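Same chain, two partners: chain A is paired with chain B first, then with chain C.
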Partner chain A sequence: MKNEAIRILQKKNKAILESWMKFQLLDEGLREDLMSNDDLRSQSEELLSALTSNLNDNNIEDAKSMGFEQVNDILASVSISRAKQGFSPRETGNYIFSLKNALLEILQQEIKDPQELYMQSIKIGKLIDSFSIDTFETFLRGREDVILRQTDEITEISTPVIQVWDGILALPIIGTLDSARTQVVMENLLQKIVETGSSIAILDISGVPAVDSLVAQHLIKTVSATRLMGAECIISGIRPEIAQTVVHLGIDLSNILTKSTLASALKTAFTMLQLQVTRKNVTNLN
Partner chain B sequence: MEKIPILRMGRLLLVTIQVDLYDRLAESLEADLVQMINKTGARGVLIDISAVSIIDSFMGRIIGNIAAMSKILDAETVVVGMQPAVAITLVELGLPLSGVFSALNVEKGMELLRSKLTNMERNVDGSDDGSAE
Partner chain C sequence: MVVLNKELMTIVREVDVIPFRNRLKEHAVKIGMGLVNQTKIITAASELARNMLKYAKGGKVTLEVISTGRENGIRLTFKDQGPGIANIPMAMKDGYSTAKSLGLGLPGTKRLVSEFNIESEVGKGTTVTVIKWKNG
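== the complex of A and B ==
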């Protein structure tokens, strides 16, 4: 015997869609700026027809069964695309919950026996709840992907190695130095030293918000590695607060060349390379 | 058994390591080099490790040892051409090779050694003059 509710839902596909759309359009969280109503409708229609056509006696209580693969795929793509488009969790949740409302409304209209209606409502409710949880998980995963991608991008762009003079490299560090970033910074710097044959590297830490013992450890490591390569490393951009913390923490930076500004570091580098910067003699031109 | 050649260039010794070092080879290099410094009276040793892509703590220590031994025998050691990965590995192993001088390539290493030798000689001359006065 075919389940009463399933038969009704399959027959009333059209009505459910209308009711669902009505719920969605009434919802305050409707984001017409992110998705047009036509798109929303076609998306909803696709999901609903996948749901009702795959629904049968065996899988009505099991959202993870093979029969719902198509439904789960659609839900996953919907929630990931919503995460990327910037829908809020509430809006995404409401999308699925309004489907439940629509389904229950139709059942209510069609099933007259209260006992039967109750049983079927529970079943449908459980099924949709289970779908909602999946949707939510996928939504979060979509958001996490966005965050991960951004983190990668930040790491990638935040460590530029600049050649300021023939034989002098500068590396401005913006943001907190953790182990992973130090690794990237060190690799980039050493690679660039090899490429350009530079003998002096200036590490500018004016963009580093705070220096603790771990960050100092990372800096010392970078300087040691640079020295091993045969280049000298100058640390510049040390703010008074940082100098205070470093001394309070008892970190020994005495065998590292430190300068307060990039300009003075550059000056030191020029001296080391026996270069001299002189002002053009203007009077001679006249 | 393989042997790493030690070339003599005037008062300097040039060692180019073209293969990945394994323990026995490194140990024999250490012994050979010290013998060679003694025999030739070299004042500087230049070790080119640009072809070495893998290094472990033992190799790091051998390089440090060579530098320390040469120093006792009155010769400066310069390691040249270290690859970035090798440098990072050594630092992560906690072996910053503080007694060893390094240079980016052979040319710069030679320059460094020569200037060190000239400085040393000048200092020796200077102190001689000082004592004479």
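== the complex of A and C ==
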């Protein structure tokens, strides 16, 4: 015998959709700028029919069962796309919670026996709760994807190589210097050395929060690569607390030219290129 | 010794280290730790978190603010369920690395903190606990 609730829900598809839409549109936070009401409706219709048509006696208590693949797929794509479009968790949550309200409302109208109504409501409630949890997990994963992509983009754009003087390049590094970042830094730097024919590169690490042994190893590697290109590399922006920490860690930077500030590194670079910066003699000008 | 604050964070990816380091810094600043000691504990934490990621595919770190009454400090416990370390005295030697890196993470960390303890069982995992006192 078919479960009573299933029979009702399949028969009342249309009424459920109307009531679900009504609940969704009730939410004052719903933003039409992100999705038109028509799109929302067709998305809801698709999900509802996937749910009711696949619902049977065997899977009503198991949201993960094979029969619900289609439902899970639709929910996953809905929550991923909502995450990327900038929907809030509240809006996404309301989408699925209002479906529960609509389903329970229909059951209440159709089932007269209170005992039966209670049993069926609990079953449907549990099923939708389980879908809700998956929806939130997928939504969060969608948000994380967005963040990771932004991180990659920031890595790309935040390693500019600046030509500060004829023959002198400067590369300010801001943020964590992980392996991926070092690769980008090194490639940019080496390429720019070739392009500009520069002979000195200044790597400024004032914006690096911590210099641990891996960061140090990356710095040493970058310096070696620069030297292989026939250029000299100066590391600047080593704050006193970082210098102390690096020494305690046991890292040997004695083979590397280090300066505390970018200005003093530039001064060293000028000396190496036998350039002299002098102040104009003001008294001779009048 | 009393624990004034306790937080548990999971580290399974390189990006997880950033919020952890920020929380650590917040607490260090809050107890009035100086810039040098802040930098030392943050660097030590960075080494241990990296080891956990690199050798044990991640793990958990407990961040605690502790007090003896006379002195406040920060205690970090890094716990992983990785392969473990067979020869701890060897791993604690400067320059020893099974990964062709500098081999300074563990011995360097020990020099940067006030108290250092490592326990490891092959096949079970590794737990490293460090304390940095505010003026230590």
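In this section, the second predicted complex is superposed on the first by the 174 of 286 C-alpha atoms of A that agree within 3 Å, B and C clash if a C-alpha of one lies under 4 Å from a C-alpha of the other, contacts with A are read in each partner's own complex, and residues count from 1 in each chain.
One rule holds for everything that comes next: contacts are C-beta pairs under 8 Å (C-beta built on N, C-alpha and C of every residue); 3 or more make two chains touch, one makes a residue touch a chain.
Bear in mind the structure is a predicted one, so any value in this text is a computation, not a measurement.
Student: Is this a clash or a fit when chain B and chain C both end up on chain A?
Tutor: Here the two partners, once superposed via chain A, fit next to each other without clashing.
Student: Per the contact definition in the header, classify A:199: touching chain B only (first), chain C only (second), both, or neither.
Tutor: Only chain B is touched by A:199; chain C is not.
Student: Touching A:242 in the superposition: chain B (first), chain C (second), both, neither?
Tutor: After superposing on A, A:242 lies in contact with chain C but is clear of chain B.
Student: Return first, second, both or neither, reflecting whether A:221 touches chain B, chain C, both chains, or no partner chain.
Tutor: first
Student: For A:250, using the defined touch cut-off, is the partner it touches chain B, chain C, both, or neither? Pick first, second, both or neither.
Tutor: After superposition on chain A, A:250 lies in contact with chain C alone.
Student: Considering only touches as defined above, state whether A:154 meets chain B (first), chain C (second), both or neither.
Tutor: Neither partner.
Student: One more residue to check, A:190. First (chain B), second (chain C), both or neither?
Tutor: First partner only.
Student: Kindly classify A:34 by the partners it touches after superposition: chain B alone (first), chain C alone (second), both, or neither?
Tutor: In the superposed model, A:34 contacts neither chain B nor chain C.
Student: Determine the nearest approach in Å between the Cα atoms of chain B and those of chain C after overlaying the two structures.
Tutor: For chain B and chain C in the superposition, the minimum C-alpha gap reads 9 Å.
Student: Under the contact rule defined above, give the chain A residues that sit at the interface with chain B and also at the interface with chain C.
Tutor: Shared contact residues on chain A (touching chain B in one complex, chain C in the other): none at all.
Student: What residues on chain A touch chain C, complex-wise?
Tutor: 148, 151, 176, 178, 209-214, 216-217, 240-242, 244-245, 248-251
Student: Can you tell me which positions in chain A touch chain B when the two form their complex?
Tutor: Residue positions touching the partner: 183, 186-187, 190-191, 193-194, 197-199, 221, 224-231.
Student: Under the stated contact criterion, what part of chain B meets chain A in this complex?
Tutor: 79-80, 82-84, 86-88, 90-92, 96-97, 101-105, 108-109
Student: Which part of chain C faces chain A closely enough to touch in the complex?
Tutor: For chain C paired with chain A, touching residues are 14-15, 17-18, 21, 35-36, 38-40, 42-43, 46-47, 50, 94, 101-102, 104-105, 107-109, 111-112.
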